[in-house]
Amino acid sequence: MNAWGHNFRISIFGESHGRSLGILIDGCPAGIRLSEEDFNEDIDRRRPKVFGTTARKEEDKPSINSGVFNGFTTGAPILIEFQNNNIKSKDYQQFKDHPRPGHADWVAIKKFKGYNDYRGGGHFSGRLTLAIVAAGVIAKKILSTLEFSSKVVSVGGYIDYENILKKAIQTQDSLGGIVQCEVQGVPIGLGEPFFDAIESSIAHLAFSIPGIKGIEFGSGFEAANMKGSEFNDLIVNEKGETETNHSGGINGGISNGNTIVFRLAVRPTSSIAQTQSTFNLKTKKVEGLSIQGRHDACIALRVSVIAEAIAAIALSDAYLNSKNESIS
Amino acid sequence: MNAWGHNFRISIFGESHGRSLGILIDGCPAGIRLSEEDFNEDIDRRRPKVFGTTARKEEDKPSINSGVFNGFTTGAPILIEFQNNNIKSKDYQQFKDHPRPGHADWVAIKKFKGYNDYRGGGHFSGRLTLAIVAAGVIAKKILSTLEFSSKVVSVGGYIDYENILKKAIQTQDSLGGIVQCEVQGVPIGLGEPFFDAIESSIAHLAFSIPGIKGIEFGSGFEAANMKGSEFNDLIVNEKGETETNHSGGINGGISNGNTIVFRLAVRPTSSIAQTQSTFNLKTKKVEGLSIQGRHDACIALRVSVIAEAIAAIALSDAYLNSKNESIS
Amino acid sequence: MNAWGHNFRISIFGESHGRSLGILIDGCPAGIRLSEEDFNEDIDRRRPKVFGTTARKEEDKPSINSGVFNGFTTGAPILIEFQNNNIKSKDYQQFKDHPRPGHADWVAIKKFKGYNDYRGGGHFSGRLTLAIVAAGVIAKKILSTLEFSSKVVSVGGYIDYENILKKAIQTQDSLGGIVQCEVQGVPIGLGEPFFDAIESSIAHLAFSIPGIKGIEFGSGFEAANMKGSEFNDLIVNEKGETETNHSGGINGGISNGNTIVFRLAVRPTSSIAQTQSTFNLKTKKVEGLSIQGRHDACIALRVSVIAEAIAAIALSDAYLNSKNESIS
Amino acid sequence: MNAWGHNFRISIFGESHGRSLGILIDGCPAGIRLSEEDFNEDIDRRRPKVFGTTARKEEDKPSINSGVFNGFTTGAPILIEFQNNNIKSKDYQQFKDHPRPGHADWVAIKKFKGYNDYRGGGHFSGRLTLAIVAAGVIAKKILSTLEFSSKVVSVGGYIDYENILKKAIQTQDSLGGIVQCEVQGVPIGLGEPFFDAIESSIAHLAFSIPGIKGIEFGSGFEAANMKGSEFNDLIVNEKGETETNHSGGINGGISNGNTIVFRLAVRPTSSIAQTQSTFNLKTKKVEGLSIQGRHDACIALRVSVIAEAIAAIALSDAYLNSKNESIS
């Protein structure tokens, strides 16, 4: 299903080239100050303004259609909707028969028996992460004392990536990258053992972002190369602060009060103008395909704010759940 | 909550040193042949028999208490229960005040206000993965045409790890490792865009396994260093087979018919006999702690069959969901 | 939460006097022919056109904002939205302090700490049943071989109710009523034992309709006065047809192939112009209240099509679930 | 599915003549005092000890297998299990081919393709209400300040029912009845508009009890015969107390602080020794069937404590949800 969460529940909808896209949020407490302007900052951070991102410019103006009254959340479901305006659907009709490699075209045709909206990736489009960012803004308001930050760690394997990015654009190619997100000020005790572990929730949401191929917490894959005596984070005081943070702020699925740290591996953009030889379902032959359209050369550059959004969504849900922990 | 899944729904329960542990499975179709012997092979694969694993020997005998009649599943909920027998709880009472670094002791005390069962990690124990393996056995039966395999890729950073493992045991230390799982024969179309992506489901379950700090699909973190022209898997025929498999068998959250491949980063065992200096909640001082008990030197060695189990659980749920895709 | 369903999942949103209201439907199979005109018939049946219903006239024009492409459902979430136009919010400001008896005003103020949208009942408004009717239209399309029908059985205790209704209007009063719904052509086997019984699902949805105070299936409350030898429906042939239908087409929570029959008890409209003495939260005194606004004299007259909608929603969910019953 | 609840989540399992039956409870807060003796009172109230109830005597001894440590709930899932001992399964084998009228035999055979456990009704058995009673005991502990009471209102249409019950037993027949449940001390604000209305939750659970054919709140079906000026409950003071309680303590799906009142219509026991002519699936003829076994003449006599249990479960879930209502 296109929904996630127990107590802070988000349901995503829409298509890249349809009327609109957005998110329905259920379980947001009453009494949170919220206006349409509150979304500007994070939506702007997601915008393709930097070098190496798409030329499609959408207004990305959120409309709060329900759940807010006199400037405050009411406790009723909140519908955030974005109209689609700047659409060039004719770019996409060829992909109905000639599925783009790395894209969902092929699986969508098969799964939905050809009924899928193939324009701009339809419901599979990365454009829907705009809705996730909007939900993240509300989640951050629920967690007003926490601090979320994120950054691009590397692009195409380079920390200093300007040159490699230029070259990729010149050669009509694309690049992957790694994004790191941190959350400070997390209270002790969010999350559950097993299926509602904080890592489970964040990872679940992370892989909902198109293009994510890996996630790691704290030392992550490097932990697999370590000894216990190196890895274990020794507790140094009554607040549970630890000398190191190899666990990334989580033990047994539960926040331990230290900074939560995770990194996402973002694959290179699938759409490249360079010609690729791939199967054409109509001609039943392998044929060259050059994807024109308007695309990011490196989607990792736009993922930072989305990483914060999913962390905020996961932690909001855990925070609202946590109110039921003990009776005394 | 301690439950996962839409149509193949598992609910885990139990403690390491309580009466029993197990799993309740709801949504398993009727008509699947199932006996208690069917669990033997995978339970045996999880057993700590190899060099570098714990000395605690449990019978691990599954009891099917409901949902099976005359050797077949009935469509009613299936309760699989394991009694705990070989318990040495007194080993653990010190950790109530002196939380073990890397363990859930600290967060459990805080979250559950001291009511948590601290014996052997209680409900947080890795012993509960036995229940996940049991659910995996049933999931594999639902997906009888798929082939699951898994292996330890490296331990402590070494592909050939016997020496480093010996040394870790000698020095009362522990080691991390990487486990890879593959699933062949997956039909095209399992999974959903966004929150029920196959990667989301597998990752969600993966981080429910104690000790997992990272997961990657296909090329994973290496994809972040690649160009689109290198990464994209070109479709070569009508069946959707691809020249390469950098995507790990999944596009847009949906299985594309190629082999599903993922890797798990397993941190070193938290419990080590080597003395560690960590905070004592009672004395309010940093004090040395040597964890005796019976522990694996490398839990990665026991994770392979659990990795298969979570893949089978995730894919079973997606498979049962997939029956509703189109009306025609 | 404001959502219901496992496989056909509906999420309701909106307020009576806000921007819009509607419903998000997740899990609708791909390939169902659907246009905005398809909603006309059932929306028209819900309209307050008959004698004894409200003077508020809304266009009630559905907008399909997602999930439909080229005239067919795509398998992606379907957002149906209705704009609010004909709003007279100033009618309602007094109820912020002087809660209307029988209404949700009092509980909404208390539960949401005064942040609730009190205009026209806000999110509690019977106007949101418009969204339920819209979801019902789609559900009926999934169940294209079933026949849904419904009727007003009595108003104010009378089968022939024209006079009593006239009198109620003249005296600025309102009336309750009973509505009966039938579903023919239901396949054997929809529903589950215990918590997903067909009666549980229909009843759950029925009590979501503002004003419903009772539901009964088959002989219902009359069954409590019967003997087993009178009540039991004897099976007369291989198709499972029964001589009588005291069970209302359901045994053990599961459809038995006979007509599903249920009746709803609808309380009289809470809003009456006749003066009522009730507590004023501001003055802290019991004071007279005359509710002007525009209201139905008998909401039961508008419930028939809503009863069909909830039956269709419940049965669609059960139908989609039922695809997983057995493996062979 | 065989599960219900958001924050207080119950999952039922087991069969009448299988190894065991029980319930898994997830979301119960830590720190509630709980022992196996605590179940005695309510289990005893459900026991078939009164005149007109079954001769099958089961020990009904609950075993708490997880989630309780040192006499208190730990916050981890609680498994309550009951062994089946007094089983006479051979009584039931004939019903595999000759489905009992009014029972689930017919639908179970069809739905589960003959794989269902037909002994004693299998998973459909009223015996599983024992598990619901057990969950109710825990729910009542969460709601320790609320008072639950219930009573048999009528049997076979009579308030004074001893004679009619004797006669039914003599003639090998059975009788229906009506049960009323009240809950006092409910805080204002439990429940939600629409799908998590208190009435929706209680009704959902009520129809999970085998044999329930109707439910009504407050004035219920009688409300359908009333005028608004009669029905509306006028608020008399700041605490929200009302002059009358026609709404049964609930407005807009939310508790208003007054006593919650509901009534259940219980059909007569389906199993009667009197010969009934019904279809035999094997001989393909209508044939006489006399059900021997051990059965209640009137199951309504055993429903009272179950009615309290479902009210407690529904209200516990709403109570735990309610902690998230507002941020301030």
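Chains: A, B, C and D, in written order; residue numbering restarts at 1 for each.
By definition in this document, a contact is a pair of C-beta atoms (placed from the backbone, for glycine too) under 8 Å apart; a residue touches a chain by one contact, two chains touch by 3 or more.
Only a predicted model underlies this, so the values are computations on that prediction, with no experimental measurement involved.
Between the chain pairs B-D and B-C, more C-beta pairs are in contact across B-D.
Among the remaining chains, A is positioned farthest from chain D, on the basis of C-alpha centroids.
Mean C-alpha positions place chain C and chain D at a centre distance of 25 Å. Chain B and chain D have CA centres that are 37 Å apart.
Centroids of chain B and chain C (each the mean of its C-alpha atoms) stand 44 Å apart. Shared contact sites, meaning residues of chain C that touch two or more other chains, fall at 1-3, 6, 12, 27, 30-31, 75-76, 111-113, 115, 123, 193, 325-326, 328. Against chain D, the residues of chain B that register as touching in their complex are 1-3, 9, 11-15, 18-22, 24, 26-27, 30-31, 63-67, 69, 72-79, 81, 111-113, 115-117, 119, 122-123. Across the interface of their complex, chain B is touched by residues 1-4, 6, 12, 99, 101-104, 106-108, 110-113, 115, 121, 123-124, 128, 154, 156-157, 168, 171, 173-178, 188-189, 192-197, 199-201, 203-208, 210, 212-238, 240, 242, 246-248, 251-256, 265-272, 274, 276-279, 281, 284, 286, 300, 322, 325-326, 328 of chain A.
For chain D in complex with chain A, the touching residues are 6-7, 27, 29-32, 75-76, 142, 193, 320-321, 323-328.
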